[in-house]
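Structures follow.
After this come two complexes, each holding chain A, first together with chain B and then together with chain C.
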Partner chain A sequence: MADGLLSVIPKAAAAGGPGWLSDLRALAITHLEEQGFPGKKNERWRFTSVRDVVDTAFEPDPTTSAAFVDEALGDDGTWRVVLAGGRPLLGDAAPPDGVSVRSLADVLATDPDLLEGHLGAAVATEQFAALNGALFTDGVVVHVAKNADVATPVHLVHVATPGDAPRAVYPRVVLIAEPGSRATVVESFLTAPGGSARHLTNTVAEVSVGANARVEHVRITDGAERSLQLAYLGARLDRDAFYGSRVVALGGALTRLELFVRFEGPGAEVELDGVYHVDDGDHVDHQLRVDHVAGRCTSHVRYRGLLDGRGHAVFNAMGIVHRDAAGSAAHQENRNLLLSDDATIDTKPHLEIDCDDVKASHGSTIGALDAGQLFYLRSRAIPEREARDILTFAFVREILDRIGHASLVARTSEAILARLPHGEALREGLSS
Partner chain B sequence: MLKIENLHVRVDGKAILKGLDLELEQGQVHAIMGPNGSGKSTLSYVLAGRDGYEVTEGSITYDGVDLLALEPEQRAAKGVFLAFQYPVEIPGVSNVYFLKAAVNAVRRERGEKELDAIEFMRFAREKAKVVQLDPALMKRAVNSGFSGGEKKRNEIFQMAALEPRLAILDETDSGLDIDALRIVSEGVNALRSPERAMLVITHYQRLLDYIVPDRVHVLVDGKIVHSGDKTLASELEERGYAELGG
Partner chain C sequence: MTAPQDIEGLLAKRYDAGFVTDIEQDTAPPGLDEDTIRFISAKKEEPAWLLEWRLKAFTHWKRMREPKWAKVSYPEIDYQAISYYSAPKQKPKLESLDEVDPKLLDTYAKLGIPLHEQKMLAGVAVDAVFDSVSVATTFKAKLAEAGVIFCPISEAVKTHPELVQRYLGSVVPVTDNFFATLNSAVFTDGSFVYVPKGVRCPMELSTYFRINASNTGQFERTLIIADEGSYVSYLEGCTAPMRDENQLHAAVVELVTHEGAEIKYSTVQNWYPGDENGKGGIYNFVTKRGLCEGARSKISWTQVETGSAITWKYPSCVLKGDGSVGEFYSVALSNHYQQADTGTKMVHIGKDTRSTIISKGISAGHGQQTYRGGVSIQRGATGARNYTQCDSLLIGDTCGAHTIPYVDVRNRTAQVEHEATTSRIGEDQLFYCRQRGLSEEDAVNLIVNGFCKEVFNELPMEFAVEAQKLLGISLEGAVG
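On to the complex of A and B.
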């Protein structure tokens, strides 16, 4: 293992920064050294192997540009920052009113107090969050001012640029929404063309939603063949806050998201929506955890999966209602559409409730296309293969629509249609 | 136009149709009446091509073609239309998108130019008038959350848009109150034409007061046991299936 991922750790320990940051790094390193990387015996890693990743000596990704992004995304009505090699390429364009977007390295150098209590606060003991904690040097800080209403989405575009040897980036994102603010943040994960080796993107995003603030957080991964995505996203909500997470995960050799939410003040609400698609060679893993610490909070987990080819998807959601969290409502739903006999899904939504006054539900389904619906479409002259794609897309469409922003709904819709066997036929129909 | 000869059909291994004969000419409207379990819905599904209906004997010829050899979508493209007794809800697919795909599939088969979005909307609005369909329903997901009456109107709206040569109406009157029945029937009557044949399947005579058939057939235990003109319907209502079926 000394040749693998952990070989870079000693260098990390020497990195500078304020005292609390050194403490955080030391904790992360200690944790990694004591725990090592997870194996199959770890419940949350039963269906996802990282042995391959752990044994690889990744080099830092030296990329400093990503010219393909503008063409790939077009004018999508968002305010964009590209991260290449894990560092933001901030130009002169000012961000939308009410929000500041800065490089994490700059903020650590000039204004570290802003981050205390926000950076590192949500990261507990997950190994890959700890790895990022030990190794990050840069990233982005998005700070939404008190009572600001920011209509234009702030869009962070994480670019993986594979080389001829394995490369990795460890960017960290901090999103602070001050009380009473409203904002939408989008994170897109794209892979640049070229290169022959694998590329690891190990991110941590920490989100603090202040009292009565509303944050929409969209996360789209493109899932390239050599792309490895190991991400941790932690969100904490103060009283009466709202956090809407909309995740779209389109395949990838290894795409894993740990999404941990914690209600710290009463009356808050989260919607955790997700869509995933797996086909041959894809492994997509979602690990969700919602901690109802404060009372009168509501959580809705709604994930839908499309399982094709020999794809493998994992879904594990845990809702925990703590003893004093009276008036909580916790709902989890994971529905899967099985499009091939060779695809696999391991799904486990579950709840732990230590409180009497709770409304809760959880369930998962795995099924094929509905024969009655298929016949209805065919009885109206729609060819079977087109009918199948129409129903497949319809299965996830409701969730995609919740992304809200029209250009992002269109982009994710098209990306899913592009992955369906006869999706081109539908694409034209939907745009009109 | 449609010739059914000695049709035997099994569902889940059980014989449902047991030697059904029926002939329908272009421009005619025939009613099939029968008690529950006589095989009425089986006949409509076999004509439309649903899986799970095993034809063990007999034939169905439509415009000189062996209908049973065609896939459901091929039948529909050639002008066969089934108005469902229980229209299917399809969340996530808008009515207008669904119908545009259907209309253009039929137009492709006929060698006509496909309609673009604007042309289709104009076309659909015209057709919606036939059954006074609320235009708001066009944007909603197919049949999702529609009332019973709205679903049946939506079926006749689709029929108006697809302009079939053979329309099979499977218990279109079921679940309709008297006002909805009148609107739906008027829609169907507006679509009667010398080029179009209709097979109206119903349990009750009530519908046939509105849609007056050229012929009435009585289906009992998988066979046509009696045929006559429109007066047969009221005779049935008075005397019951048991007596006529005997």
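On to the complex of A and C.
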């Protein structure tokens, strides 16, 4: 245990930076010291074990470049920033009009007031958010100016570069959308080739959506077998704001996202869409929480999962309607397709409602491919293997389409097809 | 709309069944240790194996900690302050109802359960449990003719020890959970039913429980066994007198069905819920579980929960036999400061097993209502199917409704569907009823009864009537 993750946590908050940041770090450290890391007795960690992670001594990831990214992603019509070793590689190219993208370390050194109130939520509730809170040194700040309408997506590419010993990065992302602005932010999580040891990416992203602002946030994880992802994403919405989260999680030894949304002003809306795929050796866990603190807000959760091989997926969504949040609407849906005999799904979409003026619903389904649909395709002379893939792909395509940007829809569709047993044939069919 | 103060006035309807019958009690002093268990066991003239079984449970219980995961809150229970045995003074064996203490009969009359009337009208055999000892058992002869054994479990221990020894703790092991283990150590009485092979029980079996003595936790133990191809329907209904101190009720119910057998277990629970300030009331912490041991067997739980300060129970089915069926139909109402954390667990082990869950929760006043359900499809449960629907209705802006369904699937041929909704009574529905000349209260009753209809349809007829009435009384005026 002495060599594990707890050993990298400093005893006291690092000096320097604004006072509120030191307080925050101290709080995170105290929380970790008191709570330790979660075990199976912790309700939210019942189906996901982090024992391996906690017992591993990770060293910092020293990488400072990631040349493979341009080739891997090609020209996808986004404005990209690569984060290697948890630090942004900011070039000379100017970001799209209306948005500034800077290194977090830089902002903390020169303009810390910008971050006060935007950085630091939830350090004391979630252990791995606290871990990041105690350890982050850098990251990215995306600041969208008031009333700006930014058409080009800002794309943050987090690169994990595994070495011969376990490595870890703790980047932090702050996204501030000022009132009336519109923007799309994409986060991709890629694993660089080479290296045999595991790599932990422990991220925290904090999103503040101002009044009347509209933010699309796409998150694509290509889980590699050595990849460990423990991420926290917190979004707060002011009056009449909109936040659309589109998550695509493709496997990984451990891919966990805690996605917490809080309505702080009335009339706001969120859409939380997600697609996950697990196969042999994959463990994907989504923990969602939507807090209806203010009234007249609407939340839609739509997650679909494909479960193959010996994969294990966990889905847990909590919709909370507080006492004074009259006129709330909270809807959750989680559908899963089981493709193998050995896959496991644990799903728990649940609602806690303390207000009577509310419309809430949740639904979950788990099942295999529909025999009738398969028969129909086969009767049209489509071989069974292909027919299976067509139906499997169609099951998630509906959600992928909601990502909006054609290049990103194409990229995620390709990635899913590549994971299906006979996706190649289908891919050709789609591209022709 | 009714003014808020009127609503509060109407919500404050008092508990009608609140009275105390004064009968001399043979009560054990408060406290729990091995001697208490030996005392209970001796009082019941139990065989040595049962005493050992109890002591084993007690030893284990001492190492257990009270669970805290439910969404209910209550002051710490002092298990040493509870008296674990209370029985009306032992009388000579009774041949007919005439010999029963008239005060006792009077109690039942006040509750609207006149035994002798029921004998003639309802065709229901009643094994009335007054506190802990069964005092009157009817229709024994008719049941004996069919070969059905229906008696207090303390009697079954003496007359059918082999059956009790074989099945007791086979569904809910002594080490199962804190309250079940406590029950195993100190249970006093309860019902025992055995339906032999191929027998369809000629009548519906019924037990009315009544908690009476102050400060007496009641630890019922019910065991129902349906042998191959048999069928039995069992009704359980409860009321308790008004009392300021909280009373703990930790019962255990075990059901076993063999090949092709079916048990239908219905509950109407109307224990004292505490007063309008949340003072007093029963804690109902019950473990109910059925095992579908044989192929094509079926267990169906139906419950209407309107009483108790805290209801914390999950009648469950373990679907072990291939093609076995589990059902759970529930209406739970929490008004005033009542709390309910209830639901079910369906464990699919056998092939082609099916389960249905229909849960309707109604919250009013400061009531807190949680549906917590588990559906587990294990690796070998090929072709398993589950359908779950849980709806919540909120009346007033100070109550809460929570839905926590766990679904765990490990077989790809499984089909699991879960649906849930939470809303208040539709204003358009209310308006429609009102413009047809219904009073607001009648309109709410109508809508709530419609909301619960799917569950009431599953209740035996007499119970369905009682349940509707109960719901109406419990909800009187609770219109927001």
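General observations
The definition used in the following text is that the second predicted complex is superposed on the first by the 426 of 432 C-alpha atoms of A that agree within 3 Å, B and C clash if a C-alpha of one lies under 4 Å from a C-alpha of the other, contacts with A are read in each partner's own complex, and residues count from 1 in each chain.
In this section, a residue touches a chain if its C-beta (ideal position, glycine included) is under 8 Å from a C-beta of that chain, and two chains touch if they have at least 3 such contacts.
None of the values given here were measured: they were computed from a predicted structure.
Annotation: superposed three-chain arrangement on chain A; chain B versus chain C shows no clash, the two fitting side by side. Contact with chain B, but none with chain C, is seen for A:A394 once the two complexes are overlaid on the shared chain.
With both structures placed on the common chain, the touch criterion links A:Q373 to chain B but leaves chain C unconnected.
Once the two complexes are laid over each other on the shared chain, residue contacts for A:A343 go to chain C alone; chain B is not touched. Judged by the number of chain A residues each one touches, C leads among chain B and chain C.
After overlaying the two complexes on the shared chain, residue contacts for A:D356 are found with chain C alone; chain B is out of touch.
In the superposed model, A:E386 makes contact with chain B only, not with chain C. Of all Cα pairs linking chain B with chain C in the superposition, the shortest spans 15 Å. Listing the residues of chain C that touch chain A in their complex gives 69, 377, 379, 392, 394-424, 480.
Residues 43, 307, 323, 326, 336, 338-368 of chain A are the ones touching chain C in the complex. Across the complex, chain B meets chain A through its residues 48-51, 71-73, 75-77, 81-82, 84, 87-88, 90-93, 97-102, 105-106, 109, 116-117, 141, 158, 162.
Of all residues in chain A, those touching chain B in their complex are 371-373, 375-384, 386-387, 390-391, 393-398, 429-430, 432.
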